[in-house]
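Naming follows writing order (A, B, C and D), and every chain is counted from residue 1.
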């Protein structure tokens, strides 16, 4: 086997799950969710760096893999294996039907493509595919809460795609090619902070960074195990990966923008910590806050890297393994939590499935939860009150209302203080 | 000479007046005939050209032709009138006759 | 053989053959239909012969019996006459085939002699070279036309015919008075001689006034159009076709001829041509609006004729600066209007025969049930609206081009408005032909000959859009529009 | 006279002749009619393919017929024409197959298919027209040929829609006629030439006239291209059967208008000269406004076809926008959108037709869960809709990409905002449909269901949308392949912007 054959494997890793997504195909295969991952696993095992460029494809996009990306790919494969396993054995899982498999495979294909993409356009294409596929997974047989989450996610997705598209246009205007080797460099030379912010906000929306975290929190209340499981890993990690690959790190200093981003990350961390402290009740939600906390951490790192390119060059190698370890841990944790706690807020379930077995399961869950929740409610009514107030802030309908909660107030104050400090410096 | 021509013009005018003024079709047809006669008179009157002893023959030929045409026209007109009268009971044109 | 063809007196055939045929039809009513058709066919062939003749030899002039002007009858044929003869031949063929199917036995014996008589008169009119003979042919044509219009009988037709008769007789007489004055003034009736002798004088003005008034009445130029809609609207459809397509054009032809040869240079005062133009514009707008308001199909088409006549008069103001182009445009419009309007009346006749009525809003799914008639109507409508590719489009294009070059925007706007209104009334009809009428009706079969004759005429009107170059070069044989400029 | 001079005529005739024969066929001769239709479509496709190959290799195809002295009918195959006729002939074949199945057992099919073929003939004529007068001729023919299709159902509503259609198009035709004659009387020629050419030599004293002529021509074409405020007929014309809507929107009428705008700016005035005259700016603003306006109106339609109609109004203006931005890259965007929009929109209309024909669904509010009942149809619909939104890598993305970078290239950054706003609105009116179709639960009974056994619908109804959806996808993914719309667009832009 030579490098070209390896290169073809790259395409297979992407195209194969995409083809399998056709219901007529995957319904005839055993374990389609596992089979779809096989080519990707093969790619991780193939040695060396290789790529495949096809001249007639849109904008001469190409897929490639190198040592750095192999880490990420391995991580992705692991997450998807976990995800597949989490549903494969539960025959009664309502998210195990044909349509769900289709969306699963679409998201998978998008994810693989995003990891393997070697230029902006391919990355953009696949991340869009992944985004909409994920929306499909999220909304499958969902409850009202998840519906809302999915809607928020959809709008974030559309807005993010628009911003990224504009960024792409700027990049295309400045460059001859759109490869990851060229674009950040030339964009750094063009000193386009418009590009920088479009990319950053775009990926921030996709990653659910504070203050665009709303969909993330809400989505954790989904009755479907699968999306919850993937939530903590896939979209967030891919968005961070995107930000890292699109932005001109280590090229030239974007001091002001960098510091702003850094502060944003810090504020996000602060906010997540405060939330974490007030939401100890629901373990699954804690994971949501941890996710937000960690993304805040990454954003801080990114901002720092943008502001001080030389530091970025020195430390960037630590970032990759860190992402991988973090995401894998988080996914595993989610899996464990989710399987042990079933679904958190079963009261709001609006399951449409009429299967008797399902109904029985739901009833049991209801009973368990009611008992559990009632205990909590009776013992700590004050908590309930504050929780309700957070709910309001959570939905972010009136962010500047005076009745804003104290964690929100503190966050605001810190933001103010930081901005003042920055202005003073 | 111009006297006859003027009389011809007069006849023409009277005919025109009658054609427009009277509703009865017979009167209208007669009026047309009067107009025709007026023109014939003009033609004949102007046939005598100054400086020539012999009157011009061409207008005479024209008048004869004209009379033939006028006779046939009148015949057609009268036929039509009779048919119309038989159809409507009146020898008049009226907007109200349309269905 | 070729020499025989070239020397053959086609003009005489053109006049005598229809008259002879008419007499035969009159005498032997049993073979009227056959004789009529044959006569029309051979007359059309003779037009072809004449066309060939003057294409090779140029203008044709023939003194009947060798007498010559002023006493004898001179025949004259140039491109302009040829165009009118050709239009006549085409329409005659179509209408004759149609009539063969349309008229039942009783009417047939009356129709054919009069129609052939009319054809002879028309041909003679287009070939005549002196103004008095023009009067005679005009009068003959008028009488034959009236007889045809009243043919169907019935209150409406007779009233229309009577009105028509009075108007046409009045017009002829007024024209005759003008002729008398001209003869008195210049001692000749030959157009060419008159053109040489005539000079600007009160006599010319008076004669022009009378002749123009008489002919305008006969051409039904607004506001003297009052007689046309009832006459054309209530005559049998093939007769309406003849009247609208040919008879009104004949009097316009005389007016144009005399204007070009005699009056134009003498009274070439812009006021007169402006007046013609104004009346033409008013005719277009008024006729179109009236057509749009009609609820009866045939009346609508008749009003459309009033409007289309207006276009011909728009050429007068334009011709002062660009004679050939403007007149070519007008004649092209006249030619295509003749074909299209005939087709339209015939198609309307089919619908009338088919449904037993011609109420526009009750046309019941004609497109499905009588597709050829609907197609004929639509194609003819294309030419009337001036949509490409059709004869009407070429005519309008030429005229618009002249108007824009001269900066006559008012004329441009009127023409475009006229086109839009025409589209409005034609598509009003077409729209209803697709839908089911509120009161569906029984239908009566329509012979194929009637359907196809209408359709072929309409197709001819459209194909005329592709024949502009040969037609215009034929039209310019003998340079009927003066040599003031080169062909565009 | 050799083969190359005949080929353009043959391409036109290959649809006209079957059309004329079909008019004469009796209603029940289904098989013969189908054979004729398909034969014509296949022959045309073959001839067009031949021509495509020839032009690619530098051959010259031209037919001329003298109409008036100095005024000729010219049919000429250039790269721009070929893009349009290739699209038309492919989509004609597909639409014919679709229409045969769609109209099965409905009355007046001979008439329908006759006019259908004439409509395509006129479109091909528009595409091949080598000068403005030829263009005008076929453009008006197109009006006449589509009118019977719009009123085909023969209802009172259809008649009204037809009258409205005519009111707009005939009026537009009149403006076009004035503009054309005026131009002719100024210049004496109407020939299309790359980069315009003959107009820039006209003296400055005529520039006001030229601006008015430009406005007249654009207004004339704008009626069919449904530029605001001349778009009113399009939503009304939705009463026509689905194949007609598909044809009107994707191939024939709307496209002819947009194509006319392209021709006027590029081959009559020339981009450079038009920019000097200052007419491209207002056109760009008008197009941008139409894009936003159409999308906004689409948001509030519950009738599926009407929503698609407003979407067309919005999308077709991308073409005008690309042309009016007056830069070579934006030009590519505008020109390829001619093809891309056609592929995507025809897919959407086919799907809408399938829903109506199979389940009796006409309204978006009835579409709950339809994806479960008709997965293939809705998959095609999804591709079309995402393409419209501009999601990569579907064709619409490529168009938007070139429009965007083209606008940046000539320093017109505001276009980016328009593009973003339009994408947002597109998403806002397409995604809810998709959401309903895929994620809501289907009702117990569909409004009016036809039984097709185990299949979701009849094959000839299902096959066309899938083919066009795949084409739309391929036009995006394989954008850099030879003979792709993008490559032809680049060839055209090359001709229009750079001196040889």
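Going forward, contacts are C-beta pairs under 8 Å (C-beta built on N, C-alpha and C of every residue); 3 or more make two chains touch, one makes a residue touch a chain.
If you're wondering where the values come from, they're calculated on a predicted model, not measured in any experiment.
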Exercise for the section: Indicate the lowest number of steps between chain A and chain B, counting one step per move to a touching chain. Expected result: 3
Practice task
Kindly work out which chain lies most centrally, taking the average of its C-alpha atoms as its position.
Solution key: D
Completion exercise
Counting C-beta pairs in contact for C-D and for A-D, the higher total belongs to C-D
Exercise for the section: Averaging each chain's C-alpha atoms to get its centre, pick out the one most distant from chain D. Expected result: B
Completion exercise
Distance between the CA centroids of chain A and chain C (whole Å) is 81
Problem - Separation of chain C from chain D, taking each centre as the mean of its C-alpha atoms, in whole Å - result: 42
Exercise for the section: Starting from the mean Cα coordinates of chain B and chain D, work out the distance between those two points in Å. Expected result: 67
Exercise for the section: With chain centres taken as the means of their Cα atoms, state the distance from chain A to chain D in Å. Expected result: 40
Practice task
Answer with line, ring, star, complete or other to describe the graph linking chains that touch.
Solution key: line
Practice task
Mind listing each pair of touching chains for me?
Solution key: A-D, B-C, C-D
Exercise for the section: Could you please specify the touching residues of chain D with respect to chain C in the complex? Expected result: 23, 65-71, 107-108, 111, 133, 136-137, 140-141, 143-144, 147-148, 151-152, 154-156, 158-159, 162-163, 166-167, 170-171, 173-174, 177-178, 181-182, 184-185
Problem - Complex interface listing, chain A residues touching chain D - result: 23, 55-60, 99, 121, 124-125, 128, 132, 136, 139-140, 154, 158-159, 161-162, 165-166, 168-170, 172-173, 352
Completion exercise
Residue positions on chain C within touch of chain B in the complex are 70-71, 132, 135-136, 139-140, 143, 146-147, 150, 153-156, 158-159, 161-163, 165-166, 169-170, 173, 176-177, 179-180, 183-184, 187, 189, 230
Handout entry: Footprint of chain C on chain B - complex, ascending
Key = 12, 16, 19, 25, 28, 32, 35-36, 39, 42-43, 46, 49, 56-59, 61-62, 65-66, 69, 72-73, 76-77, 80-81, 83-84, 87-88, 93-94, 97-99
Completion exercise
The residues of chain D that touch chain A in their complex are 372, 375, 386, 390-393, 398, 400-401, 404-405, 408-409, 416, 419-420, 423-424, 427, 431, 435, 438-439, 441, 476-482, 484
